Structures are given as structure tokens and as C-alpha cells.
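Each chain carries a letter (A, B, C, D, E and F) given by its place in the written order, and its residues are counted from 1.
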Amino acid sequence: MGNLEKDGVSLGKAAVLLVLHTGGAETALQDRSVACGYKVYKGKVGSMDSAKIFAAITTAAKREGLINDRYREEHALYHSILEAYHGICRGQDGLGNVMRSAGLLFSIVRGPRLPNDAADGEWIAIALYGSMGAPIKGFEHEVLGLGINPV
Amino acid sequence: MGNLEKDGVSLGKAAVLLVLHTGGAETALQDRSVACGYKVYKGKVGSMDSAKIFAAITTAAKREGLINDRYREEHALYHSILEAYHGICRGQDGLGNVMRSAGLLFSIVRGPRLPNDAADGEWIAIALYGSMGAPIKGFEHEVLGLGINPV
Amino acid sequence: MGNLEKDGVSLGKAAVLLVLHTGGAETALQDRSVACGYKVYKGKVGSMDSAKIFAAITTAAKREGLINDRYREEHALYHSILEAYHGICRGQDGLGNVMRSAGLLFSIVRGPRLPNDAADGEWIAIALYGSMGAPIKGFEHEVLGLGINPV
Amino acid sequence: MGNLEKDGVSLGKAAVLLVLHTGGAETALQDRSVACGYKVYKGKVGSMDSAKIFAAITTAAKREGLINDRYREEHALYHSILEAYHGICRGQDGLGNVMRSAGLLFSIVRGPRLPNDAADGEWIAIALYGSMGAPIKGFEHEVLGLGINPV
Amino acid sequence: MGNLEKDGVSLGKAAVLLVLHTGGAETALQDRSVACGYKVYKGKVGSMDSAKIFAAITTAAKREGLINDRYREEHALYHSILEAYHGICRGQDGLGNVMRSAGLLFSIVRGPRLPNDAADGEWIAIALYGSMGAPIKGFEHEVLGLGINPV
Amino acid sequence: MGNLEKDGVSLGKAAVLLVLHTGGAETALQDRSVACGYKVYKGKVGSMDSAKIFAAITTAAKREGLINDRYREEHALYHSILEAYHGICRGQDGLGNVMRSAGLLFSIVRGPRLPNDAADGEWIAIALYGSMGAPIKGFEHEVLGLGINPV
């Protein structure tokens, strides 16, 4: 049984904090995450073309070894991205087709759902955070999405 | 023009951190939020009936004075809840109707989009964070949603 | 070939104007509609339970002879109601489940797509117009939906 | 308190009638709308690319002074367009991607929700009316959408 | 009244079996379908562009005489394709925009809903079957959709 | 590497054929499925309450040993049901809330994606087939949905 005491952080919370924190807080969180048994990665992507968001995260996950080369791992990653993407779209899927653009940070966190809890295997969490809006600087507001699936 | 230097935190980030943090980190965040010119509230709701989530947040926002009694303020709050609700549902709206239950913390944050930035008026952010899944203890994973609208 | 000259009005426009007009304008429109070869009906329904909207319109259509008792006619009516219902929901289907209520006028118009144009057979249009919002008087705004299918 | 007596017309109804009426009825409606305290604009857009619909309306609203250059005004306009767009799509968002095209009239109406009713501030209504269907002349039927948000 | 005894097969089942069977089973099914009073066609389409799926089926239906050249027939076909397309997309419409590709067999079956049952007129069923997934060979799983409308 | 030669049948196709076949064809298919390394179950559920469909399938899967008692297995099953449910709803989720009822057969098939192909682990497929429509006998048409996830 995993525990959340002291510096423990659940998988999804680790993914979300990772896209929100910067500087020292981000480094500290990465350390806590590793101590919880998670593999983590943080990247950046911006586009009016939603496929680019999927591609950027998938490429990073493979390159950084967060998923292996079996389809079932890529499938878990894909559905986690798709769920996070629903979160930032909030009911009307699409970016350029509804004339909006997204500038996003993304995180990929892989591990047990709770710190060091091996009983239910590994899961993969994707968090997306940034701004969405008109393609005009400052004409945008914050968005956030989180997707989690067993891997 | 608002600024994010030192302890500044943007409106949406404040809302999300508020549902993620506990204890001292939560208290510190509330102080930072107030210093940024935000009004904040954090509550709890769990249900298989999605209407209860809407009701709990609306009731709290009115009771705590986060919205006044004009319809345009309630409308802004409502659409922010709806957008956050899409985030936790991730593409298939509904709870009990698709046999799942949610146990959630919610936050309401009202103020400028950026700390002490009066130029674009007030906005209202709703964050929802918790777990969703089968109505069986432990058979659930984390979900998160964020909605923001001008008020 | 039908024509829209003088007092001609297309099927969908007739359905929408019928829910918008009152008094003399409504009577005049009904006369114009009949002259175009349309059968029309206008009713009223309000609820937080979306099934009641479907039931009220279906019952009226059968009672007033706007559809006969074959399934293909009821199917056309059903899909027209469903499309109009999407229009009033605007991306997030549901009423009571997302804590909102609707007070609606509905119209059913059956006939050619264009006045007296027999070439493409009969179609059925459903328009819904009214207000949707919180279950508090005055805390609601206008909504409108239109659905059309061949019958 | 606004009133609907005599020639009064509510904001959403004004927007819808504006896209439905032509000639003298359109001119009369514009006069009534102005008397109710509304600013109005009517335009035309046709495309298989949904972004063009958003762009045409946004450009017109700015050029005609129906919104100012603050983000919160553009945000209100954007969400009103998005809601009207859901109305014409009726459950399956998209145009060219599902091989259909739209030829539309649009209206933008800004003012109180009820004639000369200042108590609840200004709102913005977007109506879309026209035909949607296969990219073959005459192979299309009428569609209508309405979106309203506080501005 | 139609009957399902012996070799009878309902319209939707015929459409689905047609995309699933190959070789002798497919030929036998085509014979059974014709004996039930159905017209059938089976084709193939693969793309990341969903419009190509709509186009391929529409073109085949016209070329093979499964629909005539009236709009109401094309409308019935279109909505049947759209419903089958929802089936393969499972809640998140789109292909290339969410970085996935589909390789599909499709069937078009036209006739009574039950074998030789003339009482409720003709209906048109579309079935889609194949695989969807990443644009990498083998990184995909099976999908199936069925849509039916009166024609 | 699995193979589809002779009597081999892929996982999703097995699930769909199982809900379509009856009598001797059903028995033969069950035998073929077992020979391919699949565990199979077929049941029946009818309701206007969508939660009952989820409950019936989940209960059967557990009782028949098609999933074990870890959350990650129930999660895989749940998402497969949800995807199949989207297939039968075709773009507008819901049953009783949009005044329609479903009478369904369901199948649960667990095993490799291709016959006896151990390389990519186990997957779970859910197929739903039956009729949906008004709560009047005969006023309904066929629907089909398929969902597949790694387990």
C-alpha cells in the first residue's frame, strides 16, 4: 500500500503540479516524484493544429523512454492525451477549426497511482496547462486538462 | 499591468493550486491569492448526481459573496462550472448515468486574470479536483477541470 | 418548383417565425404557411426533464395528425426534435443534470422544403424557442433550436 | 425594468428575426431594435471551413464597433459565436471534415436582454441562419443557431 | 410482415455481417440479402481525412444506384454515414486532427427494416468496420459503426 | 505472431459476431473463439436507464471471471463499455433523457487482439447490439457499438 505522508504525491497531482511549477518548486517536485517511484517529463507545445499537440507528447514519451514500443503502451498514452485534450477544450473539441490557438506546457508522469504502491500496476498521466484564445497576444485565458490510464 | 514576479500567481493557477494544496501550502497560497487581489473559496462535494456539484458551488459562491445577485454574475459562474465539469468528464458528460461517481474538492477564485491587473476587469475561475470511478472504494482515478469566464 | 415570392416562406423559416411571433403576426404567418402547403402546430412545454420536451412534441404531433402512425414518420419527427434540442443546449446536452431549466414554445411544420414545391417530397421542421437558465425567475436567457428531416 | 409592449423585442429574438427578415420587414426590425437600445449588424458568410465563420463575424463586430478592443469583450463575442455554431451543427461539430458546407446570414445584436432594461448590463447575441448540406446546389436544408452571453 | 425465419436477416445485421465476412460467407450473405429484398454494396476506404470516408461512400451509393438523385435520398444516406462515423469515433469525433488514421471496409444496404416487409418502406444502413490508430502499422485496434435511416 | 487463417477471428470481430449470431452459428463461433485463446460471454440487457447497461455488463464480467478484482481491469472494462455505448448512441448520449429505450445483447471477449498472438498482451472487447427507439413495440431500429481496450 502506497502512502501520501510527508512528501508523497499522487500520480495525477504530480502531473498537474509539474506543469504549474517553475524554478525551485519544479525541481523539488521532480525529486519528490522520483522518490514516489514515478518517471517524469515536462515539455512545451503551441499550435492551432491539435494533431501537433498529440505528436509532440507522443514523440517525447518515446524518446524519453516513458513508454516502450508495444502498441498497448502507446494506446494508454494516446487515450491519456485525448482525455487531457478534452479538458482544455471544455466541451467543444478543436483549435484552428473554431479559430483558437493554444500555448501549452505538458507533463508525462508514469508510475503507480499512489506513491510506491505496486499493487495496481503502472498508470500514465498527462497534464496540459497553458492559455487558449484568439490568435492575438493577451487575448487568451488559462486552460488545464488531465488524463490518466493504466499502462 | 499585473505582474507575476516573486509571489504573483495567475487566476487559473491559483484556482488549481488551491484544490491541490493542503495544510501550510494551502494557507500560504490563500495569502498569496489575496495579495494578488483575488477572492477565494474552497469547498468539497461528492455525488453520482452532477446537479449536486453545480448546486454546491453556486450556493457557496453566493453565501461567500463571490458573486452578487445579478444574473450576469451567476451566468459567468455557471459557465465556469460547466467548463470545469467538462474537464473532469473528459468527453463523455455524466456521472450516475454512466455508472460513475465523483468525490471532489472545488475552488472559486475571483479577480483579475493576472495579479493586480485591473485593465481587463474581473474574471471567475472554478477548479474541480478529486477522484472519479466505480462506486467502490479505491476503484477510481484522479480528475481535474478548470473553467474561466469574465464576470 | 416552389417559389418564395410575395408571401412565400420556406419550411424552416416558417417553423422559427411561428415560435417567435404572437398575436396578429402569428395568425398571419399561419395563413401564409397554409397557403405554402404546410401543416403547422404551436405548443408550449417547460421542464428540467428533457424527456418531457420530447414527449410533449411527439404527443402533439400525433394528436394533431402531423405524423401518421408509421415508425418512419415518428423517426423523422424524433430526429428533428433531437436536432432542435441540440440547438437549445449549445454543446452540452442536458437540463436538470447540469442544473438548468427550460421554458419553451415549440412549433411543428410539415410540408415541402420550399412553398408548394412537391418535387422533393415532405419534410418536418421542429423549432424550439424560449429561455434557459437557473431555476430562479429572470435568471435565464433566450435559446433557439431548429431541426429538419425528410418524412 | 424593460418592457416588451408595443414594438419591444427581446435581444435574442431581435437577432433571430434580423437573419430571417428581408426588405421592408428587415428595415422595420432594425428601427425597432435601435429603439430598444440595441446595436445591430447583419452580414453574410459561406464556407466549408468553420474558422471562416468565426473570422467573418469577429471582423465585422470589431469594424462596426459592436465590441471594443478589450479581451473580455472579444471573449463574450467568441462564446456567443461558438454557441450559435453548435446550433447549426446540431450535435456533430464540423463542416468540411464531415463533407458539408454552410451558406449563412449572421446577425450581431448588442444591448440589454430586454428593451431598455439597464439593470442587468449589456449582452451580445449572435444568430446564424442559412442552409447546410452537400456541396451541390439545392442539396441542403435550413439551419439556425443562437448564442447569447453577457459582455 | 417480414420474417426472420430460416435465412432471413434484418437490414442492420446484413450491413454489419457484410463488412465482417469474406470469401464464401460473404457471397452467401449477399445472396441471402438479395432474397430479403435488399440492395447491397461493399467497398473500402482508408484515410486520416474523415471527409474522404463520406465522399467514398456517397460516390459509391450514387454510382451503384443505391440512392437516386433526389436530395431526400442523399440526406438519408448522409445521416446514416454520420451515425456510423460516430460509432467508429466513440465519443471524440475526428481522425487526423487527433492524430489517428482509419482503414475501413464499408457496406451500404437498402431495403425494408425486416426481410420482405414492405409495410414501413425503405431504409438505408451503413456499416463501417476496420482498424483505427496511430499512423504506424499494427498500432491500431478494431472499430465498428452502424447508422440507419428511412429513405 | 497470431494468424487469421482458416478459422481464426480477430478479437473485435469475435465480439461483434457473437452478438449477431444465434443457434448453431453462435456455438461454432464460441468454439472458434476459444481456439483463438479468447474468453467469451454473451448476455442480455434492456432499459431506458443507461446505468443499467453498464451495471449488467460489469456484473457479468466479474461473475464469469472475465476480469479479476484489480481496479485496472475494471477500468479497462469500463472504458470498453463506454466506447460501445457511444456507438449505439451515435452522437447524442443518453436513453431515457432523450425519450428512447434500448433492448440489447452484449458480448464480452477477452484475449489477444489477434488469434493466439501473445506479443501485445490481453485486450477486452465489448459489443452491444439490439434495437433503440421509442418505447413502443416496433418503433425502433438496430444499433451496434464496439469498444476495445488493453487489460
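In this text, contacts are C-beta pairs under 8 Å (C-beta built on N, C-alpha and C of every residue); 3 or more make two chains touch, one makes a residue touch a chain.
Bear in mind that the values here come from a model prediction, so they are computed numbers and not experimental data.
Trainee: Determine the shortest chain-contact distance, in steps, between chain B and chain E.
Mentor: 1
Trainee: Tell me which of B-D and E-F has more C-beta pairs in contact.
Mentor: E-F
Trainee: Interface check for copies chain C and chain E. Shared numbers divided by all numbers used: above half gives same, below half gives different; which is it?
Mentor: Copies use mostly the same positions to touch.
Trainee: For the sequence-identical pair chain A and chain D, what is the superposition rotation angle on Cα atoms, to the nearest 5 degrees?
Mentor: 120
Trainee: Could you find the chain whose CA centre sits the greatest distance from that of chain E?
Mentor: That would be chain B.
Trainee: Comparing centres built from CA atoms, which chain ends up most distant from chain D?
Mentor: Centroid comparison gives F as the farthest chain from chain D.
Trainee: What is the distance, in whole Å, between the centres of chain D and chain E, each centre taken as the mean of its C-alpha atoms?
Mentor: Using C-alpha averages as centres, the distance is 37 Å.
Trainee: How many angstrom between the C-alpha centroids of chain B and chain A?
Mentor: Each chain's C-alpha centroid was found; their separation is 19 Å.
Trainee: Give the residues of chain D touching no fewer than two other chains, as numbers and ranges.
Mentor: 71, 75, 82, 86, 91-94, 97, 123, 141
Trainee: How are the chains arranged in terms of who touches whom: line, ring, star, complete or other?
Mentor: Looks like everything touches everything, fully connected.
Trainee: Can you tell me which positions in chain C touch chain A when the two form their complex?
Mentor: My answer: residues 91-92.
Trainee: What residues on chain E touch chain A, complex-wise?
Mentor: Answer in residue numbers: 92-94, 96-100, 133-134, 136, 138-141.
Trainee: Once bound in the complex, which stretches of chain C touch chain E?
Mentor: The contact residues of chain C facing chain E are 70-72, 75-76, 79, 119-121, 123, 149-150.
Trainee: Help me check something: in the complex, which residues belonging to chain B touch chain C?
Mentor: Going by the criterion above, the answer is residues 49-51, 54-55, 58, 71, 74-75, 78, 82, 85-86, 93-94, 97.
Trainee: Which of the residues in chain B end up touching chain A in this complex?
Mentor: Checking each residue of chain B against chain A gives 10-13, 16-17, 20, 82-84, 86-91, 93, 113, 123, 125, 127, 129, 141-148.
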